[in-house]
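Take this structure first; my questions come after.
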Amino acid sequence: MTSNSESTQELPLQQVDRVVIRFAGDSGDGIQITGSQFTMTSAIVGNDLATLPDFPAEIRAPAGTRPGVSGFQIQFSSSDIHTPGDAPDVLVAMNPAALVVNLKELKPGGTLVVNTGNFKEQDLRKAKLDKNPLEDGSVDGYRVIEVDINERVKEALAELTISSKDKERCKNFYTLGLMYWLYSRPLEPTLKWLADKFKRTPELVEANQMALKAGYNAGDIRELFHSHYEVLKTESMPPGTYRNVMGNQATAIGLVAGSKLANLRLVLGSYPITPASTVLETLAGYKSHGVITIQAEDEIAAICAAIGASYGGCLGLTSTSGPGMALKTEAMGLAVAVELPLVILDVQRAGPSTGMPTKVEQSDLFQSILGRNGDTPMPVLAISRPSDAFEMAIEACRIAVQYMTPVILLSDNYIANGAEPWRLPEMDSLKPFPVHFHDDPSNMEVFGRNELGARPWILPGTPGMEHRIGGLERDSKGNVSYDPDNHQRMTLERQNKILNIAKTLPKPTIQGEAQGDVLLLGWGSTVGVLTRVFEEAKAKGQKVSRIHLRHLWPLPPGLEDIFAGFKKILVPELNMGQLARLLRSEFQHHDFVSLPKVTGQPFLTHEIVKEVDRILA
Amino acid sequence: MTSNSESTQELPLQQVDRVVIRFAGDSGDGIQITGSQFTMTSAIVGNDLATLPDFPAEIRAPAGTRPGVSGFQIQFSSSDIHTPGDAPDVLVAMNPAALVVNLKELKPGGTLVVNTGNFKEQDLRKAKLDKNPLEDGSVDGYRVIEVDINERVKEALAELTISSKDKERCKNFYTLGLMYWLYSRPLEPTLKWLADKFKRTPELVEANQMALKAGYNAGDIRELFHSHYEVLKTESMPPGTYRNVMGNQATAIGLVAGSKLANLRLVLGSYPITPASTVLETLAGYKSHGVITIQAEDEIAAICAAIGASYGGCLGLTSTSGPGMALKTEAMGLAVAVELPLVILDVQRAGPSTGMPTKVEQSDLFQSILGRNGDTPMPVLAISRPSDAFEMAIEACRIAVQYMTPVILLSDNYIANGAEPWRLPEMDSLKPFPVHFHDDPSNMEVFGRNELGARPWILPGTPGMEHRIGGLERDSKGNVSYDPDNHQRMTLERQNKILNIAKTLPKPTIQGEAQGDVLLLGWGSTVGVLTRVFEEAKAKGQKVSRIHLRHLWPLPPGLEDIFAGFKKILVPELNMGQLARLLRSEFQHHDFVSLPKVTGQPFLTHEIVKEVDRILA
Amino acid sequence: MTLQDPPKRTRKDFQSDQEVRWCPGCGDYAILASVQKYMAEAGVDPAKTVVVSGIGCSSRFPYYMNTYGFHTIHGRAPAIATGLKVARPDLDVWLITGDGDSMSIGGNHLIHVLRRNVNITILMFNNEIYGLTKGQYSPTSPVGTVKKSTPMGSVDRPFNPLQLVLGSQATFVARSVDADPGHLGKILKAAHEHQGTSFVEILQNCVIFNKDFYKDAMERSVRPDKTVDLVAGEPVVYGKERDKGLRFHDMQVEACAPGDALVWNPSGPNSAPGFLMAGLSEQAGMPTPIGIFRDYQALRYDTEVNSQVQKAVAKSGQGNLKDLVYAGETWQV
Amino acid sequence: MTLQDPPKRTRKDFQSDQEVRWCPGCGDYAILASVQKYMAEAGVDPAKTVVVSGIGCSSRFPYYMNTYGFHTIHGRAPAIATGLKVARPDLDVWLITGDGDSMSIGGNHLIHVLRRNVNITILMFNNEIYGLTKGQYSPTSPVGTVKKSTPMGSVDRPFNPLQLVLGSQATFVARSVDADPGHLGKILKAAHEHQGTSFVEILQNCVIFNKDFYKDAMERSVRPDKTVDLVAGEPVVYGKERDKGLRFHDMQVEACAPGDALVWNPSGPNSAPGFLMAGLSEQAGMPTPIGIFRDYQALRYDTEVNSQVQKAVAKSGQGNLKDLVYAGETWQV
């Protein structure tokens, strides 16, 4: 049953600027692979792009059910884009559950590709549907392309000897082929990827490649579509070598880079937790870079192992997410007290408590900046996108070793699993900051301070420099001290050391005019959507500018001046307004408007646009 | 060698309004007992009083050393007082270490009582002194009373058959007797206390009682002093039944009271930690009140056991200090998520990390209000003095059960170990707030909400009401939900429930005028010193008023109006300015001046007075 | 006096209205069915039953049980269950946990609940993997395990779960397997009837991340020859033909004729026999022991804590608030 | 080739400039002296030595040692030591802990460091009390302990520390006592020489809060008759006259003539003999065992982790940052 299809002599090739596709299907359907292949190929053809994977919470929810639906949205464009798009132009729905879960977000008049092979009685039942949504009017108003992908794949692979189960597993590549044709993408990158991926089972290489081509050809022989499209390569992308990268991967690479620039061995202590686990897994694969990974018994042991490694003269690192951060609280205090470098990566997810582990939120900000017993200041940085992770990870390492302090590096689920083209740095643009261990016994002030306020780092094993450190308050020699004045002085020194980091930070750059009605202020993974909002506002002639904070504590210099240029400062956050509250306490004389969102989903452009319009009304 | 003593026929009895005595000696000398006996007796004669015990950090530092010095300061008065006093009028120094550690704080011209029996060569050596401070001019300018207490006690007890070691142990009661005479206190309360304390060893009752009387008589037979003093009973104390109480003890009693008013069994899960341990120890003695105490394996288990008990329909309680709070962070989030009542008592000490466990600080405020992963709001209350602990503990219990929420109750080391007269409440003035468990299966919204925003509390064991709760985000029936709108709604409901508590709180009362130049704003254990500062300012004619916050989150109503009446709001805190930062973020249009102090010691009156003068200058 | 018969219940009475969401084929389904079946047969009252769990695939268990349930946080269920049981000794408390939840992050609470001997029933689903976080090795994975976080193989020696719990003074220790509902049912009964903490390790198949890890011993065809079931009062004999016996010699286990086999006694004060047996499968040629390794009566924390309260009340009378407040030296102003 | 003699050192070389601040009479002094004496005799290099500790009276130990030292947080020293030793296998890492620090709050890290067999030496000072927090009972206090938080006596069964660590797959397990420097010195040497995690329980007198708790077995006058020293290769014989022997029978220990006594072997793969012995003093009439319960070579985590790194480098070459950054599919714009 193929509908909406007419045979015309030649299908027109239309150029479009940007397209949003959402792939949706059962988590067993290989949706994430389909999405990431489409991403890779689009990156290679030179589009700008942004992605939003959406996993089910369960490992394998029962096939065909609504909780089992896995989604992957990509926006790709011939001009700059910054978000995966609010509403998809095309929805590919591999089963009824995927259709009903996603349909309401498809653009009016958008294209709906459905795999009718999965719309049988029992499929509808699994999705808890009484009626077939393809037949009850639900899909009216959309351009519906019905393909029995199951059948088509079976036919295409009829001659292969692999099991019918294995054949069925190829259907995502058929789907991908269809989309490649529709948007004029080359097959080669995926063909190559398949050859590599299944190199131990050549029959699977063949089958998947055949399915991909069959899907492509199905489009080509005009079976289905009225026209096909071309999204040209972005001209605005700066020249350079690019690579497609996921956030957690780029973070891992950046941390290795940071340790190398510091001339230290990287030692990760970690306990698996969604969505941070892949950082551990990635770093476990970097042993040839001298990286050591310790999968500890819990988050407390993980940070403690990292502290032990830093004490031993390596760069200690620990990676986790919200509940794990909570557990590390006490040990963070120890690292502050003994003034050892340490990087603490928090890939945030939706809370409180276990919350929604596979959803995004920026709600660990307060915990990071203020959530420890005692006066326990610690620098906090935030990654804003996969392609920014490398640089921010290096920055975290730099601050940690130069200031002898633990540093919190915030990421989130959206960055962690999102992918985008990353313009690779020139290697010699990376400025090393090698650590010099202190080894002069004639000058043994363990808590003496250099011009930055940092204490010397003394390597255990250095003859003649034996000393003791610990969590009790201590004097400048490291010995326990209950002296009142000493505690006052040490507390101040610890605070000033951290505040002084601000001096080394650049003043944030303003996108747009330095004066105006509204300053959009964001941090972390909202960068894309805020850029888009800014552009829309500018297009409308609104006096809106934008800055994005990469350093959350200490705050970068120059904010007072920047804020003075605007009537209102709009702070959209994926939490209940944490940064806004912090800014109000630091800057008393400006008008901060908080725009909180806590649905576990990223902002949509129009949600913020609406708020800007409201403020300007 | 007794100096400064002249024999006159009759010693004058002078009336004085207030006196500050500091007892100081080796931690083995029984200084804390001496101090608390003086306190009890002064309370019974009707003085107002305030105390400041100062323990050594070590259990038993080597005898005679400076780190082994234990101190106890008491101010007692015939009029209202609020602090243990800045500088002592009398210093009792039982050994050279105690002398050198404390001398610099004695008032110029003050009285110094020294036990010369402990000023031998080896005693000086233990205190790391080259010369005898009694002979090198160090004590010039003080009225020095030298008594060989060791010898006097030996003589006084010569006829007793107990060991000479046991005799020596009586010297603190000799000293106490001297002071009782000097300040005209009755011996009976202490004689009675001794009889009870040593009831199993009558020979020790006799010895200590004899020593006490010998000390008293030594004063009386005019061997030592020029005059003696009387501090009349306070007329301003409201009538009622009084009892002398220490902070941790009053807190424990208040928590039992809270559970009884809620008609629930109190179940404490705790892990020992200074200075909170005595709450566990006190409650362990209240078994006949149905109180259950679980000494858990760590702080995490402690709070979890309390959560388990609350889940089972008891009032769960956990008590700890800073590092333990840090460890409880994750579990607090669970309690917020499942919305069970729970009281978390944090007896603060100096941080960060292990810090200075026996010293005071108020630096867990941020951790308490903001230090959790996710948006995880929790009410925070603060006790301000031993006599206030009972009421605040009940208030914490009330909020916990009425709002189905964990509540943090802050105390600190100064309150915990301080003692003062407590005017006992009339029992029928205590308003019960009995819990009604929900047991109607026809109405089973596990996360439905009443008019306060609280969910129903359903007792496991209730037939027909079986349900599940957990840390994953949940819908109103308690089932796991990843629905975006549900998470937004639940997050809001959790936040509003806590913010709404403010509606039930009284507007803080202002001490002084509603308009003025400076509003002194404090919280917690600074209440006494701030009251004193207020009184001094008033006496000087400064336009200073004062409020003290008992609820730190949500903040009580009416603050905006109060703040509007003042040019500056001075916020002295024993931390780096945490409340001041919080207030700035909540109240944008007022001028908050932070006065931080982090020496591990309470504020002295003049430190704050100086700041007030500076502001007004 | 005749007791009233408990209402007859079926498995269905213990099924909640929530859709079960483990991966198709996961061993957790079989365990869920066994537990529900046992509860129905034993006439357990769902309203008096609480299932507490930590975090992990296994720990989703409470949602599927039509009893009271508390899905807590990772590793902390033993502490929460301790508080609950001490507060409410009348409730029947079950604790569901995984090898990661109980032996990794929750290790401390596990060993302490066992030491205290709180009267609860712990089922530890051991799939030798972290399922929920998608397949990292766990503290029960053998050395050399190649998984996501150990691309070159794990190098840490695993726990022997039963030795760990015996070392923690556990009073009831048993092992069974998801795929043998008959055996599992028997063990559940014994565990539930034991007074004190019962610890049951259930080998559980994670079909996604550690498929059939236990098959060498547990596959139906080899099971009789590769496992030995420790049953109190019975000789330690195994094999399809029950032709192989085991006995002790000098603190070792040695093979012997069935007739010479040791008669199993898990109930002595000394837990060393169970400890030795727990290590058996590490000995070449020896079967994997299942069944009951220890079943011993000892002091129970929950009971004792409550009886101290009763004693205190009996001695000093039910404490009254006024006495507490007005205690000690008081005076009038 | 002759090795250069290590510089001769004395106890003084291991004494820091900090005043020792335990209570007069505390058993910690004797242990400190024994450790310093052993280190001097063994020619240990203070600069290569790190003493890590948690929190407790015992954990103040590092301040008094003229080596590198890290006084960490309560219970976490094993995790910190693991990170340190893995990062710096060249350092000699000692860990000082108390019964509360290691068996209460630190239980999880303790069992995991033992399982991993990280090459460090752990000295656990067991005074059956929380000293630093002024005398609450601990997880090693016997049932019925009346202390500040247990006015009616404790009701939780204690750990047997040696059984707990053996259950955690410890490879070296020993027990000694503060008051017997000769024995303690011997044990310190064996523990330090063992490759892998060594766990030494040292019974330690807290004169303030738990004075002489161990005197029934450890007082000098009764010690020979009330303790039995387990020494590898020697018969298990004790008594002032060495007239009492012990041997195994059916997984029990029984008394026998000295000539029939078991010859002690702590080095087999099976730790059940040590486990059985560790429980001995709970058996009426039996002595308290001290000495070495287990001494067995096994895979070491610190070594293995580092050798995987070396293997990876050997296989793929020393990783270079550019290759890492420019890996995978790249393209030019």
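The letters A, B, C and D name the chains in turn, as written, and every chain counts its residues from 1.
Here is the rule we use: contacts are C-beta pairs under 8 Å (C-beta built on N, C-alpha and C of every residue); 3 or more make two chains touch, one makes a residue touch a chain.
Note that the structure is a prediction, hence the values are computed from the model and not measured.
For the interfaces B-D and B-C, the C-beta contact count is higher for B-C. Taking each chain's centre as the mean of its C-alpha atoms, the one that lies farthest from the centre of subunit C is B. Distance between chain centres (mean CA atoms), subunit B to subunit D: 39 Å. Measuring from the averaged C-alpha position of subunit C to that of subunit D gives a distance of 29 Å.
Computed from the mean C-alpha positions, the centre of subunit B lies at a distance of 45 Å from the centre of subunit C. Centroid to centroid, with C-alpha atoms defining each point, subunit A and subunit B lie 47 Å apart. In subunit A, the residues touching two or more other chains are 67, 287, 297-298, 323, 330, 333-334, 338, 353-354, 470-472, 480. Contact with two or more other chains is made by residues 55, 73, 105, 107-108, 112, 139, 152, 305, 308, 311-312 of subunit D. By the touch rule above, subunit B contacts subunit D in their complex via residues 58-63, 65, 67, 271-274, 277, 280-281, 284-285, 287, 293, 295, 297-299, 323, 353-354. The touching residues of subunit D, counted against subunit A in their complex, run 16, 18, 46-48, 50, 52, 55, 62-63, 65-73, 76, 78-88, 90-91, 108-109, 112, 305-306, 308-309, 311-313, 315-319, 321-322, 324-333.
Those residues of subunit D that touch subunit B in the complex are listed here as 19-24, 26, 55, 57, 73-75, 104-105, 107, 130-134, 136-137, 139, 148-152, 208.
Note for the complex: subunit A touches subunit B at residues 57, 67, 322-323, 325-327, 329-330, 333-334, 336-338, 350-359, 361, 363-364, 366-367, 370-376, 470-473, 480, 482, 484-485, 487-488, 491-492, 494-495, 575-576, 578, 581-582, 584-586, 588-589, 597-601. Contact residues of subunit B toward subunit C in the complex are 40, 43-44, 46, 189, 193, 233, 237-244, 253, 256-257, 260, 265, 267, 269, 286-292, 294, 296-298, 300-302, 304-309, 311-314, 316, 330-331, 333-334, 338, 390, 423-425, 427, 430, 460-472, 479-480.
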